[in-house]
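Shared between the two complexes below is chain A, which pairs with chain B and chain C, respectively.
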Partner chain A sequence: MKKNKNYLFFITPGFVIYTIFAVIPIIYVVYLAFTNYTGMGKADFVGFENFVRIFHDDRFTPAFFNALKNNLKYLLCVWFIITPFQYFLAYFFFIKIPAYKYLKFMVFLPYVISSTVIGFFATLLFNPNIGLMNTILKSLGMRQNAWFGNPSIAFKLLVLVIMWQGAGSGIMIFYANFMDIPQEIMEACKVDGCTEWQRFTRILLPLSLPSCASIIMMSTIWALGVFDLPYILGGVNGGVGGSLDFASMVFYRYTFGSGLDAKTNLGFGSAISVIMFLFMLIVTFLQNKVLSKFEYEN
Partner chain B sequence: MKMRKWMALSCAAAMVLSALPVSADEVNEDVSGSITVWEHDYSFEEPLKAVIEGFKAKYPNVEVDYEIKASDYQQVLATALQSGEGPDLFWTNGTATDIMPGYVKNGMVEDLTGAVDFSIMTEDALKLATIDEKQYSVPWLTMDSRACFYNKDIFEENGWEVPKTFSEFEELLAKIKEAGITPLSQAYGEWSLLFIWEPVMSAYDPEYTRGLDDYTSKADGPGASGSLQKLVDWANAGYFGDNWLGVINSDDMILGFTTGNAAMMVGGTWNISTIDQNNPDLNYGAFAIPAEDGTAGLVGTAANGFSINANTQNKEAAEAFAGYCASKEGQTAWVQTIGGVSASPEIESAHPVAQEISVSGGGNIFRSWQNVLTTYAKTDTADTVWSEDILKVMSGEITVDDMMTDVAAIME
Partner chain C sequence: MRVKKLRESDKRGGKEVLSRRGKAFRWTISILLILYTGIAIFVTVVTLLDSVKNRSDLLKSFIAIPSSVTFDAYRKVLFENDFIRYFGNSLILTVGGTAGCILLSAMMAYGIARYEFKGKNLLSSYLLLGMMVPVQVTILPVFLMLKKMGLLNKLAGVLFLYIAGISMSCIVFQKFFKTLPRELEESARMDGCHDVKLFFRIIFPIAKPVIVTMALIKAIGCWNDFYMPMILLGKKNTTTLTLGIYRYVGQFTRYMSETMAAVVITLIPIVILYFAFSTQIMEGMTSGAVKG
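Right after this comes the complex of A and B.
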C-alpha cells in the first residue's frame, strides 16, 4: 500500500521558515558563544572562556546572579500574585459584579498601550521631582519618597505597574474560558442547589485549569525575559542596588555596553544567551511536569 | 593644435580643482543626491538643523535628512553599520572612546584627510579626529565643559551670591538646604554623576587635576577620592534632595532645575539649549566651581562631530556636508545655535550663559578624569569599572576606597 505523503507539502514551508528564522540563529548563537566576536572583524575561537567568565568574574557574576534572583522573585510573583489576581478579576467579571463593564474596560485599557507609554505614565506618577505622588504627599505635608530609587519598594512598585499593565491579557483568557463552560452544566448546578462557593470550587475552578496552565506557561517565559519596564523605570544599570536588574538587562549591558562608551561583545553575549536558554528550558520543563496535571480529557 | 592644448589644460585644471578640499564659500549646484545624518541626543537637534540649513543654501541639490537616535545610539549605530544599512554620516565621540577607533580598524569610516579642509581646527579638536595622522571625523569647536548653573531669581530672592571659593560654595549649599530648597538637582546616572564629580574634583584639588594632563596624577589619587567623598557627603546631607536616587536620567535632572525645584545644577554646557527649551523664561546663569584659592577652571574638551560611513552611496554629497561642517560658517552655526562655549578664538559664543562660563573658567582647562582612565587603563573594562562603581558608591553599596582600589587595579 502506497503511503500518502501529501502532508509534506503542508509541513515544508513552515519547517523551512522555522529552520531559517529560529533553528539556524540558535545554532549560530551557540557557535558565537565560543568566540570573542565583537560584532566587527574576525571571530576567534576562545573555547569555554566566556562561560568561565560568567561564573567566575568578580564583577559580572554577582550582577548576573542578582539579576537571576530578581527574575525568580518575579516568577514567584507571577505564580502566586499576578495569576491569582487575574483569575479572580476574571471571575468577578464573569459573575457580573456591579459596574463590571466599566471595570472590564478600565482593566483592559492599559494592555493596549505600549510599555514605553506605560513607563512614561509611571514616571509621571513616581518621579521624585515632577511626579504626581510626591506632589500629593508634599501638599498633605507627608514625607516624600524616591519610589523606584528606593530599593525597599522598587521591586514591589514594578510588580504593581506590571499588574496594572498586563493583567488584561490573562483576564481575557480566563474570562473566555469561563464563558466557554457549557450552560447546561451551570444550570444543572443551579437546579441542584449549589452555593456560589460550590459552583466556583466544583465547576469553574476544575474546568478552567487548562487556561491556568497556558497563562502560567506564557507568563513564566515572559518573566524570565522581562526587560522593557524595568529598563525604563530603573535605568540600564538596574536601579539602586540592582533592585530592578534582570538577566536580560545584564545581558544587554555586557553585550552591547552601556551609555556612550558601548563596546559590543557578541561572543560573551551569546554565552549569556546560551546559559539563559538552558535555564529557561529547565524551568519550563519542570513547570510543564506540574502543569500537565491540570489537563483533562474532553 | 591650440584647441587641443587648451582642452588638455582645462582638463588638468578641472582635475586639480576637483582634488582640492571642499570650500564652503560659494553655491555648488554640481553636487547632488540625498544623505542621512545620525545624531545621538535631542540637545543637538537645533544646531544640526542650523548646519543643515546653511549647507542647503550652499548645496541646493543635496537633500539632507537627519535622525536623532536618542535611545541606545551606539548599539543602534553599530548594528546598522554591521548590516550595511548605516547612515551616510554619523556622530561618534572620536578618539575620546574606543568606538571610532574600532570602526576605523574595521574600515567602516572614510578617511577624510585631504577631502575636508581642517585648517580652522584647533590642535585639541583635531586630536579627537586623528588616528595614525589621518582624520576620520569633523570635530565641533565647542568646549564640552561642565559648569554650575544657578537660578538667578532664587539667588536674588534669598540674597545669595555666586561663591568665590570652594568653602563658600559648600556654605552656599548648606544655606540653600536650610532655606528648604534643593541645592543641586542631580540624577542617579553614571554620566550625570561623572559630570558633577569632575568639576568638583578640579575645585577640590586643582593641583591633582592639573596632574591628570600628563598622568603625573594617578586616577586613584587623593584628589579623585577626596572629591568623590565630598559628593557622598553632600548626598548624605540632602544637598541633592532627599529622593534624588529616584531621578534616573539627566532629562529629569534638568527638569528639577528648570522647574525651580532646585537652585543649582552641575551639568554640561551642551545642556544650555535644553534648559532654554524647557523653560524659556528661566533667569539663570552659570559659573565654574571655584577652588579654595579663588581660581577656577573648566573640565572638558572640544566636541566631536560626524564621520562618513565608508559604505555611503553618496560619497560626494557626504564629503560636501563634512566639508561644510568643518568650515567657519558651519562651525559658527553649530556653536552659536547650541549656545555652547566656543573652543576657537575665531568663533564667538552667542549665548550669554556660555559667555559667563568662558569668563568664569578664567582660561584654565582641566583634562577629564574619565578620559585619563580610558587612555591609561591596561584592560578594556575601564568604562565598566567607573560607571558601575560610581553608582554603587553613591548608593552606599561600596565605599570610595573600594572604588579607588578597583580603579587602581585596571590602571597602568
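Right after this comes the complex of A and C.
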C-alpha cells in the first residue's frame, strides 16, 4: 500500500456531496428542533419547548401517540408475521419445493414495483364501490366490505399488502444465509440419518438465526418510517379513525400538510423528526439486546 | 462471495430421497405458493386488459374480455396528460442518480480499501450514518436547504439527494475491492500507470458485475421513489411517473382506463429490467444486508 495523497481524488467528491446532502441535514434537524423557525425570518432558540409540546398538546399528542402505537403494532407484525413468513419461504426455496425457481421469481417480483402501483393494485381489488373483491362478494351473495374504509380490518389489510410487496428482499437474504451453511454439515446430517424436521430445528435454525439480526434491524428501521402505502391507501389523514396513521404521516401533516405557509412551526416539525429518530434508536437498541441473547456460540 | 454462492445454489439443497409424506408436504406448499403468486399475475393481466377497454365495457366488468380494443387511454395519458414528460423526468432522475451514486461510491470505496490515511476507519463509520437515518427524519432540513439553494421543484435537487445516497453501495464495493489481489495494481504502477487511470482502466472493468448489481438496485429505488418527489418536486414540469400515478389513483373512479394505462406505462420498463436481470437484482438485495 503506497502512502500518497492520491486517495483524496477518490474520496473527496463522494465525501463532499454526502456531507452536504446526507449529514448536514441530520445536524440541521437537531438544531431546528430547538428553535421556532417558521421558514422565514430569524430562528429563535426556544429550548425544549417543542419537545414539551409533543407530549402536552391537546390536539397533537393523542394523534401522535395513536400513530406511534400503530408503528409498534406494525413492528410486531414484522417480527411475528412477516419475518417468519419470509423465513419459511426461504426455507422452502432452499429445500427446492416443486417449481421453486418460478416461485422465487414471482414472489420477489412485487418488490421491484413502485408503491404507487402497488397502491393502485390494492385499490383495484379493495375499492369499496368498484373493487374486484366486492364485485366477487356481491356475485356470491355475501356482504360487501369497506376494506380500507373499515377501521377494524384496514390495518390487517395494510400489513398483508406490505407483506405481499416487500417479502422478497428478506426471503433472498434468509435464502443466502441458508446457502452459507457449510455443505459438510448438511452431509454429516444426512449420513447420521436425521429427519427433515430435526435438520431444520437442530441445524438450519440455530446456524442461520444470528445472521438474521441485520435484516430484522433493517426492517425495523423501515417499519418505523413507513409512509408510502398507508399514505396512498388511507389518505393524508391516516384512514378512518386513524387506523392507518403512522408517525411519519403525522409529521408530514404538521409540516408540509398545510402547504407550508409562514405560520407553520418548522421547529416543531423538526422536533417530531428527532423524537421519531430517538424512538427508532431505542427500539433497535432493545431489539439488538434481545437478539444477541439468541446468538449461537461457536 | 455470497453472490457466487447464490449462483451455485441450484446445485445444492434437498436432493435427498424423500418420504411420501415429505413429498406430499412439498407439493402442498408449492401449490399454495403458486396460487399466491397468481395474485400478481391476476392484477397485472386485469390492468393490462382494462387499459385497452372502452368505457362501457369497463363499467360492465373489470374481468371480462374486452369487446373491442382501443388505445384511447394511452393516447390521453401520454399526450393530454404529459406522461411523456413524467417518463422523461423519472428517466433523468434514475439514470443520473444511479450513475452519479455508483461512480462516487466506487471511487470512495476504492480510496478507503486501497489507501492508508488518517481517519480512515472514522470515514467508514461516517458513511454508515446515511443508512441509519431514514429520509423521513431529514426531509424537512433537506427541503429548507434546497429552497435556499433554489433547487426546490428542480430535478437537480432530487438528483443530488439520490447521488448522495452512497452508503450501501460504498460498503458493498469496499468488500469487493478488498478481495482483489494487489499484484494487479502493483504491476500496472510499475509500468508507470497513474492511480486515477488505473482505477478507470483496470479496476472499474473488473468490478463490472458488482457495479451492475448495485446499479440495478439503486436504479429501481430511484425509479420507484415516491416520498422525495412528492415533497421536493411536484410542479407540472417536474412531476415523476410515481407522482403521476398517485394522482390518478386518487381519482380512480373518474379516470379508470387512464389510470390503468398509466400503470402499464410505469410497469413496462421495470418488468423488462426484472426479466432481464432478476438474478442480479435478487443478489443485490442480499449483498446489501450487512452481516453481523
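Here is the rule we go by: the second predicted complex is superposed on the first by the 261 of 298 C-alpha atoms of A that agree within 3 Å, B and C clash if a C-alpha of one lies under 4 Å from a C-alpha of the other, contacts with A are read in each partner's own complex, and residues count from 1 in each chain.
In this section, a residue touches a chain if its C-beta (ideal position, glycine included) is under 8 Å from a C-beta of that chain, and two chains touch if they have at least 3 such contacts.
All values derive from a computational prediction rather than experimental measurement.
Clashing of chain B with chain C is the outcome of superposition onto chain A. With both complexes superposed, C is the one of chain B and chain C in contact with more chain A residues. In the superposed model, A:F21 lies in contact with chain C only, and not with chain B. Once the two complexes are overlaid on the shared chain, A:Q144 sits against chain B while remaining clear of chain C.
Looking at the shared chain after the overlay, A:M163 reaches neither chain B nor chain C.
When the shared chain is aligned, chain B and chain C each come close enough to touch A:F256.
Once the two complexes are laid over each other on the shared chain, residue contacts for A:T264 go to chain B alone; chain C is not touched.
Once the two complexes are laid over each other on the shared chain, residue contacts for A:G241 go to chain B alone; chain C is not touched.
Contacts of A:N127 after superposition: both chain B and chain C are touched.
Look at A:V46: by the touch rule set out above, it reaches neither chain B nor chain C. With both structures placed on the common chain, the touch criterion links A:L75 to neither chain B nor chain C.
Note on the chain A alignment: of 3-11, 75-83, 93-101 or 147-155, the part of chain C that runs into chain B is 147-155. Once the two complexes are overlaid on chain A, the chain A residues touched by chain B in the first and by chain C in the second are 39, 123, 127, 129-130, 256. Partner chain B is touched in their complex by these residues of chain A: 38-41, 59, 63, 123, 126-130, 134, 144-151, 233-235, 237, 239-241, 256-264. The touching residues of chain A, counted against chain C in their complex, run 1-4, 6-11, 13-15, 17-18, 20-26, 28-29, 32, 39, 89, 92, 94-117, 119-121, 123-125, 127, 129-130, 132, 135, 164, 168-169, 172-173, 175-176, 179-180, 183, 190, 196, 210-211, 213-215, 218, 221-222, 224-225, 227-228, 232, 248, 251-252, 255-256, 266, 269-270, 273-274, 276-277, 280. Residues of chain C that touch chain A in their complex: 2, 5-6, 9-10, 12-16, 22, 26-27, 29-30, 33-34, 36-37, 39-41, 43, 46-47, 61-63, 104-105, 107-108, 110-112, 114-117, 123, 126-127, 129-130, 132-145, 160-161, 163-167, 170, 182, 189, 195-196, 199, 220, 223-224, 226-227, 231, 241-243, 245-246, 248-249, 252-253, 256, 259, 263, 266-267, 270, 273-274, 278, 281-283, 285-286, 289-292. Interface of chain B with chain A (complex): residues 40, 72-75, 78-79, 82, 93, 97-99, 102-103, 105-106, 108, 185, 188-191, 241-249, 252-253, 255-256, 259, 261, 374, 380-381, 383-385, 387-388, 391, 395, 397.
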